[in-house]
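The same chain A turns up in both complexes below, where it pairs with chain B and then with chain C.
And then the complex of A and B:
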C-alpha cells in the first residue's frame, strides 16, 4: 500500500498560512492532480510530502508508515520539478542511470530499467546525446525518466510541463498519459493548468487558500463543483453566475430569475426560500434567434471565434444586472447568429447549479424540467 | 559599396589589434630571445635579431643553487594551496548560496577586502603573527598563507556559479536517495566545473607569481622561483641579464601553456563569474 495520507497538515510562512489544516488522502496507484491558482499551497503540500519542507504541524503517512520526520532520501519517492534538472556533461542514458548506481542493482538490471524508460518516453533518438544539446522538453523527459527508472512507489510531479514550449507541451502531455497508464505508482501531479489536470488525472483535488476544497473525478468536478470557486476556476471561461431567488414555503419551492420566463419548480433537501446564486457553464446556455420554449430575450453585444471553431458570445439580459455574461456555441450556430442584436437565451434546467449564500453548492433538482421542454 | 567599406574598416581594426598585440608581446619576445643569446649578443648596443643561439644560460639556471627545490616549491605551493582553497571556497560558496545566512553580502565583501589591501600594509603585522606562531619558514605556514590568499577570489567566482545552479538539483539528489554530501559533490559540483577551473587558473597564476610574502615569510625550503630573481640578480657586481632572461623563459612556460589551454575561462574569472559566456 502506498497511499499518501496527510493529517491536519499546517504550514505557515511568517504571516502567510500556506496550508490550513489539510486532511487528505491520495489513493494508491492512481494519478491525483493538485489543481489550483498560484499561491494556493499546492506546491507546499507536495514539498512537505517529499520532505523538502517541514510542516508547522500535522503528519504525513505513506500507507501505514509515518514519514513526517524522515529526510527526503529515506522516503523512497521520485520527484520531477518545473525546472528540468539534468546533469551536464553526461549523456541521456548516464543521466537516467546515475541514481540507480547507488542502489544495489546488477548492471544488467540497470540497463534493462534504463532501456525501458527510454522506450516508454520516446527518448531513443536522444539516448546517446549530451544533455547540453537537448531542448527543454526533452530535458524534462530525461528528468522524468530518471525518476521513473528508480521505480519508487510514489512519484511527485511539480508543474513539470510549465517551462516548455507549446509543441513540446503537447508531446509531453501525451507521453505522461502513456506513462501513467503503464505505471502502477501513486502519482501526485501539481498544476495550475486545468486542461493538463483534466487530461492526466484519475481524480483532481482542487485547492484554494491552503485548503483542498473538492476532490473528484475530472468530469464530476467539472459538472458538479462543490462551490462557486470550483465553478469559476474550471472551464474557459468559467461558470457564469446570476442572482436568483427561491420563493414558496417549505414543501414547494420555485426558482425566480430574469433568466427563466416562468418560476421553475425546484426540489432539494437543503433548500429554503431566499437568495441563491444560479450558475451555468457557458457552453450549456442555449442561444438562438428564435424564441424557443423557456427562452428569454437577450442582447448579443459581441461574438468571437475560439479555438476549435466554437464561438464565444457576450450577452446581457434585460431585468438582470447589466453585467455581460459569456456563452459558448458550436461553429454552425455561432456563424448563424448576428454580430450583435436581439437574441433569445434559455437555460436547460438540468444544467443549472444552485449555490447558497456561502458559495457552497445546493443539491437541487428541477422536477418540471421535462415539462418546460415540452411546453 | 558599403560592404566594401565594411571590409576595409574591419581590415584596419584587425591590423590595429595585431599591432597592439605585437607591442604587448615584444618584451616577452625579447626575453625569450635573450634566453638563448650570449652575454655579448645581449648587451650589444644594437638589437641583434640574428645570433648563434646557445643553451648555456638555460644550463646555468638549472645549475643555480637550490633551483630544483625552488621549482618544486613553486609547483607544490601553487597546486596544493589552490586545490585546498577551492575545496574550502566551494563548500563556503555552497553555504552562502544555499542557506543565505544573514549578512552574506557583508561577509563576502569582507573576504574580498582582504585582497584589496596592498601587500606592504599587511606584511609587517603578518610577519609578527607568523613569528609569534613560529610559522615563519615552515611549509604548512606558507601553504596556509596561500590558501588564505586564494580563498576570497575563488569564493566569489564559485558563489556566482552556484547561484546559477537551480536549487532543484540539490532537491532532486536528496529525493533520489542521496545524502547532502552526495548532492553537493556528485550533483552540484559537476554543474559548476567551469567555475572551478576559472578559480583554479586565476589563483594558480597569483600564487605562481607571488614574491613578497614568500620572501618575507618563507625560509630556505619554502621559497619559490621568484625568490631566485631577487637573489640571483647580481652576478659579479653587474646585473646578469642572460640569467634573468633564461629563468623568466623557463618560469613563464607553465602559465602560458595553461592559459592557452583554458583561455575561455579567463573572462569568467576576471568577471567573478558574472559573465559566463560559453563555458
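And then the complex of A and C:
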C-alpha cells in the first residue's frame, strides 16, 4: 500500500497561510491532480509530501508509515520538477542510470529499466546525446524517465509541462498517459491547467486558499462542482451565475428567475425558501432564434468563433442585471445566429446547479425536468 | 541596442515620426551610427591613456639601457635586456620560486576556501551568520601593508605571539622569517590567511549559482554527495570558482608587498619573487631597461595563465559540441 495521507497539515509562511489544516488521502495506484489557481497551496502541499518543505503542523503518512520527519532521500519517492533537471556532462542514458547506481541493482537490471523508459518516452534517438545539447522538452522527458526508472511507489509531478514548448507538451502528455497505464504507482500531479488535469487525472483535488475544496473524478468535478468556486474555476469560460429565489413552503418549492419563464418545481432535502444562485455551464445554455418552450427573450451582443469551431456568445437578459453572460453553441448553429440581435435562451432544468448563499451546492433536483425534456 | 524604449529605426516605419518633444534631439543621436562609438569612447580613452600608452612605453624602455640616476642618455640595445635575463642564473630561480609560491598559496587558499565555503553554505538560517561572514572576510579587506607589519610582530622571535605558544608547547622559539627553512612557508601561510576568505566568497557565489531544483532533485534521487558535487554543483559553479582561481593566480604571481614588508625577500633571496625583484631592479638599482624587460616577461606569463584557464573552462563545452 502506498496511499498518501496527510492529517491536519498546516503551513504558514510569515503572515500567509499556505495550507490550512488539510486532511486528505491520495488513493493508492492512481493519478491525483492537485488543481487550483496560483498561490492556492498546491505546490506547497506537494513539497511537504516530498519532504522538501517542513510543515508547520500536521503529519504525512505513506501507507502506514509516518514520514513526517524524514528527509526526501529517505521517503523513497520520485519527483519531476517544473524546471527540467538533468545531470550535466553525461548523456541521456547515463542520466537515467545515475540514481539507479545508488540502488542495489544488477547491471543487467539497470540496463533493462533504462531501455524500457527510453522506449516508453520515445528517447531512443537522443539516448546517446549529451544532455547539454537537448532542448527543454527532451530534458523534461529525461527527467521523467529517470524518476520512472527508479520505480518508487510514489511519483510527484510539479507542473512538469509548464516550461516546455507545445509539441513537447503533447508528447509528454501522451507519454504520461502511457506510463500511468503501464505502472501502478501513486501519482500526485500539480497543475494550474485544467485541461491538463482533465486529461491526465483519475481524480482531481481542487484547491483554493490552502484547502482542498473538492476531490472527484474529472467529469463529476466538472458537472457537479461542490461550490461556486469549482463551477467558476473549471471550464473555459466557467459557469455563468444568476441570482434566483426559492419560493414556497417546506414541502413545495419553486425556483423563480428571470431566466425561467414560469416558476420551476424544485425538490431536494434541506432546501428552504430564500435567495440562491443559479449556475449553468455555457455549453448547456440553449440559444435559438425561435421561441421554444421554456425560453426567454435575450439580447445577443457579440459572437466569436473558438478553437474547435464552437461559438462563444455574449448575452444579456432583460429584467436581470445588465451583466453579460457567456453561452457556447456548436459550429453550424453559431454560424446561423446573427452577429447581434434578439434571440431566445432556455436553461434545461437538468443542467441547472443551485448554490446556497455561502456558495455551496444545494442538493436540488427538478422533477419536471424529464417532462420538459420529453416535450 | 539603441532601440530599446525608443522609436525603432525600421524602413517600414519611415515617415511615422516619433512625437517631437524635449527628447527629440537625443533620439536623433541615438539613431545615428556614431552612437555606439560615443558610448564606448570614455572606456576606450581610459584604456588608451592608462593601459596602452604605458604598455607601449614599457615595451620601448625594455629595448634600452637606461639608468634613471645616471646622466647618460638611454641607449638602444635591442634584445640585450631580454638575452641578459635569459642567460642570468638568477631568473630561473626567481621564476621557480615565484611559481612554487603561487601554486602552493593559491592551491591551499582554494582548498580551504572551498571546504569552508561548503560548510558555510548550509548555514543559511544560522543566527549570527552575517557577523561570522563579516569577521571571516576581515583579512581580505585589510591592506597588505598592515598584514605584513602585524605578521612581522606575530612571528617576532623574542616577543611574538606565535613563539609564545611554541615556547609553551614544545619549549622552543623559531625565527620564522629569518630561518631559511621556515621563511618561505611562513610567507605562504600569511598569504593563504589573507586570501582564503576571498576563495570562500567565490565558493559561496559559485554555490549560489546552482539552481535549487537541481539540488532538490538530487536529494529526491538519493545521489551521494560526491555525485551531487560533480554533476550539479561543479557544472554550474565552475565558472565563478575558476574566475576566482584565475584572479588569485595572477595576483599571487606578482605578490610584492607581503614579502617586501615581512622578509624583504630574505633570508638570502628565498622569498624574493618576481614582483619584488622587479621593484628592486627598477627602484633600488634604477635599471629601468632591465626592469622593463622583466615586466614584459611577467606580463607574458600572466597572459599565458589566463589563456590556459580559458581553454580549460571551455574545454568541456567545446568537446560536447564536437561529439
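A few notes on this one:
Heads up, the rule we're going with is that the second predicted complex is superposed on the first by the 371 of 375 C-alpha atoms of A that agree within 3 Å, B and C clash if a C-alpha of one lies under 4 Å from a C-alpha of the other, contacts with A are read in each partner's own complex, and residues count from 1 in each chain.
Simple rule for what comes next: a residue touches a chain if its C-beta (ideal position, glycine included) is under 8 Å from a C-beta of that chain, and two chains touch if they have at least 3 such contacts.
Because the structure is a prediction, the values reported are computed rather than measured.
When both complexes are superposed on chain A, chain B and chain C clash.
In the overlay built on the shared chain, the residue A:81 is in contact with chain B and with chain C.
Of the two partner chains placed by the overlay, chain B and chain C both lie in contact with A:73. In the overlay built on the shared chain, the residue A:308 is in contact with neither chain B nor chain C. When the shared chain is aligned, no partner comes close enough to touch A:14: not chain B, not chain C. In the superposed model, A:269 lies in contact with neither chain B nor chain C.
By the touch criterion defined above, A:52 reaches both chain B and chain C.
Overlaying the two complexes on chain A leaves one chain C stretch of 39-47, 111-119 or 165-173 clashing with chain B, which is 111-119. Under the contact criterion defined above, the residues of chain A that touch both chain B in one complex and chain C in the other are 50, 52, 71-73, 77-79, 81-83, 85, 87-89, 99, 102-103, 143, 146-147, 150.
Against chain A, in their complex, chain B makes its touches with residues 166, 168-169, 171-172, 174-179, 182, 187, 190-191, 193. Taken together, the chain A residues at the contact with chain C in this complex read 50, 52, 71-73, 77-79, 81-83, 85, 87-90, 98-99, 102-103, 130, 132-133, 143, 146-147, 150. For chain C in complex with chain A, the touching residues are 211, 213-214, 216-224, 227, 231-232, 235-236, 316-317, 320-321, 323. Remark: chain A residues 50-52, 71-73, 75-79, 81-83, 85, 87-89, 99, 102-103, 143, 146-147, 150 touch chain B in the complex.
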